[in-house]
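One chain, subunit A, appears in both complexes that follow, with subunit B as partner in the first and subunit C in the second.
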Partner chain A sequence: MKFSVMISEGPYTHQASDTAYHFTKAALEDGHECFRIFFYHDGVNNGTRLASPPQDDRNIVNRWSELAKEYKLDLVLCIAAAQRRGIADADEAKRNGKNADNIAPGFRISGLGQLIEAGIQSDRLVTFGD
Partner chain B sequence: MSQLHTVNKSPLERNTLESAIAHAIKGNALLMIEDGVYGAMQGTHKSAIVSNAMSDISFYVMGPDLKARGIDEKRIIDGIKIVDYSDFVALVAEHDVTQSWL
Partner chain C sequence: MPETKKFLYVNRKAPYGTIYAQEALEVVLIGAAFEQDVSLAFLDDGVYQITKGQNTKEVSMKNFSLTYKALGDYDVNKIYVEQESLDARGLTLDDLLPLAWEDEDDDWAKKDSIKVVSAAEMAKIMEQSDIVFSF
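Then we have the complex of A and B:
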């Protein structure tokens, strides 16, 4: 079955990022397909490579990047939410006159249409948030 | 249409468990995750809401989240099934839609 996931909570806030990760990983390990993971609102904070959690804590950002690499996942950050929260790729940084970008490997920035498409193309869309 | 409801906050903190139960129809399933697992405990002043709905709704609770909170499985209301992430995926697949009560 084809799944998509929407995450609207930042990492290390409550538990939505963790639940979403474990849900996605279980789905993939059980042979399901993941069409897209869409990060909305504070969820875009899952996609900054500047996060440096303590070594004895889970690294939520790297965990997504590694899962994306292993399963070729499409991790999409909402552009409007990302702009507000200072998450940028090279193009966005340039367009907004910033001197650096911070998007983590495996993530890309795009629009809300990607969430709508995920809802249409997937058999199931599951939301994790606060 | 079969529907799965997920609740991720304690019924002592928010009213999402009560809302989910009020909106669920016969044959729906409800999964308690994260702090929502407190809703599965016996002897709280919200336990009756779950017990009274059990004839119509199938209740599930996330085992790893119970464990993380030190809640012994013996303290769970009889009839609630304890599941893991793979079971969560299966529940989503089994039902036509999943409604996350946030």
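Then we have the complex of A and C:
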């Protein structure tokens, strides 16, 4: 089955990203195909490479980057949500006159149309959030 | 993308305590460009999102409730509001924004977009949808 995932909550505060990660990993290991992972609302905070959690805890951001590398996942941060919350790639930082970017490897920034397209193209769209 | 799917946007939260309502509306507006079959549902505290007379001046937040009035122009004209959620909050249809659309197949007659439905009917609407976004 071809599935997509929407994650609506940020890391650590909320379980959504953890559960979405375990779901996605299990589904991929089971042979299913992931069309896209879309991060919305505070979920865009899963895509900052500046996160530095304690050594004895899981690194939620790196975990997504590694899974993306292994399975060639399409990790998309919503541009409007990211702008509000200070998540930027090099182009976005330049466009908004900021002196730094913070997007983590394996993530990209794009529009909400990517979420709608994921709904159209996938057999199932699974939401993780409140 | 030739396929048309039934999209349902479920709005369950009050408009200003969290950002979900505002960002949900952004998805609806973008999604309208994809020519899918779109419906909106308002239940629980989500019914407050489309109440009349919202004034956010004192809290310095954007009053995005006026944007709902534009939905008809985006061909988003199936708006379901749960009766039980209205009842529990002492609200009636008269407390809601008069959301309407113009039917081009009926000499541009102005028609109401809002339909008040029971929880049981809402469950059926959800069941019949292909994609359910819950905000």
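Keep in mind that, in the parts below, the second predicted complex is superposed on the first by the 130 of 130 C-alpha atoms of A that agree within 3 Å, B and C clash if a C-alpha of one lies under 4 Å from a C-alpha of the other, contacts with A are read in each partner's own complex, and residues count from 1 in each chain.
In the analysis below, a residue touches a chain if its C-beta (ideal position, glycine included) is under 8 Å from a C-beta of that chain, and two chains touch if they have at least 3 such contacts.
Keep in mind it's a predicted model, so treat the numbers as computed, not measured.
Undergrad: Scan A:Ala26 for contacts with subunit B and subunit C and give back first, second, both or neither.
TA: So A:Ala26 only meets subunit B here.
Undergrad: A:Thr127 contacts which: subunit B (first), subunit C (second), both, neither?
TA: both
Undergrad: Quick check for you: in the superposed arrangement, does A:Ala16 touch first (subunit B), second (subunit C), both or neither?
TA: So A:Ala16 only meets subunit B here.
Undergrad: Is A:Ala81 in contact with subunit B, with subunit C, with both, or with neither (first, second, both, neither)?
TA: second
Undergrad: Between subunit B (first) and subunit C (second), which does A:Met1 come into contact with in this model arrangement: first, second, both, or neither?
TA: It touches subunit B, and subunit C stays clear.
Undergrad: What is the shared patch of subunit A, the residues that subunit B and subunit C both contact?
TA: In subunit A, residues 8, 125, 127, 129-130 are touched by subunit B and also by subunit C.
Undergrad: Under the touch definition given earlier, write down the residues of subunit A that touch subunit B in their complex.
TA: It is residues 1, 3, 8, 14-16, 19, 22-23, 25-27, 29-30, 32, 123-130 of subunit A that touch subunit B.
Undergrad: In the complex formed with subunit C, which residues of subunit A make contact?
TA: 6, 8, 40-41, 80-81, 111-113, 115-117, 119-121, 125, 127, 129-130
Undergrad: Can you list the residues on subunit B that touch subunit A in the complex?
TA: 8, 33-35, 64-65, 84-86, 88-90, 92-93, 97-98, 100, 102
Undergrad: Using the touch definition from the top, list the residues of subunit C that touch subunit A in their complex.
TA: Residue list for subunit C touching subunit A: 1, 3, 5, 7, 19-20, 23, 26-27, 30-31, 33-34, 36, 130-131, 133-135.
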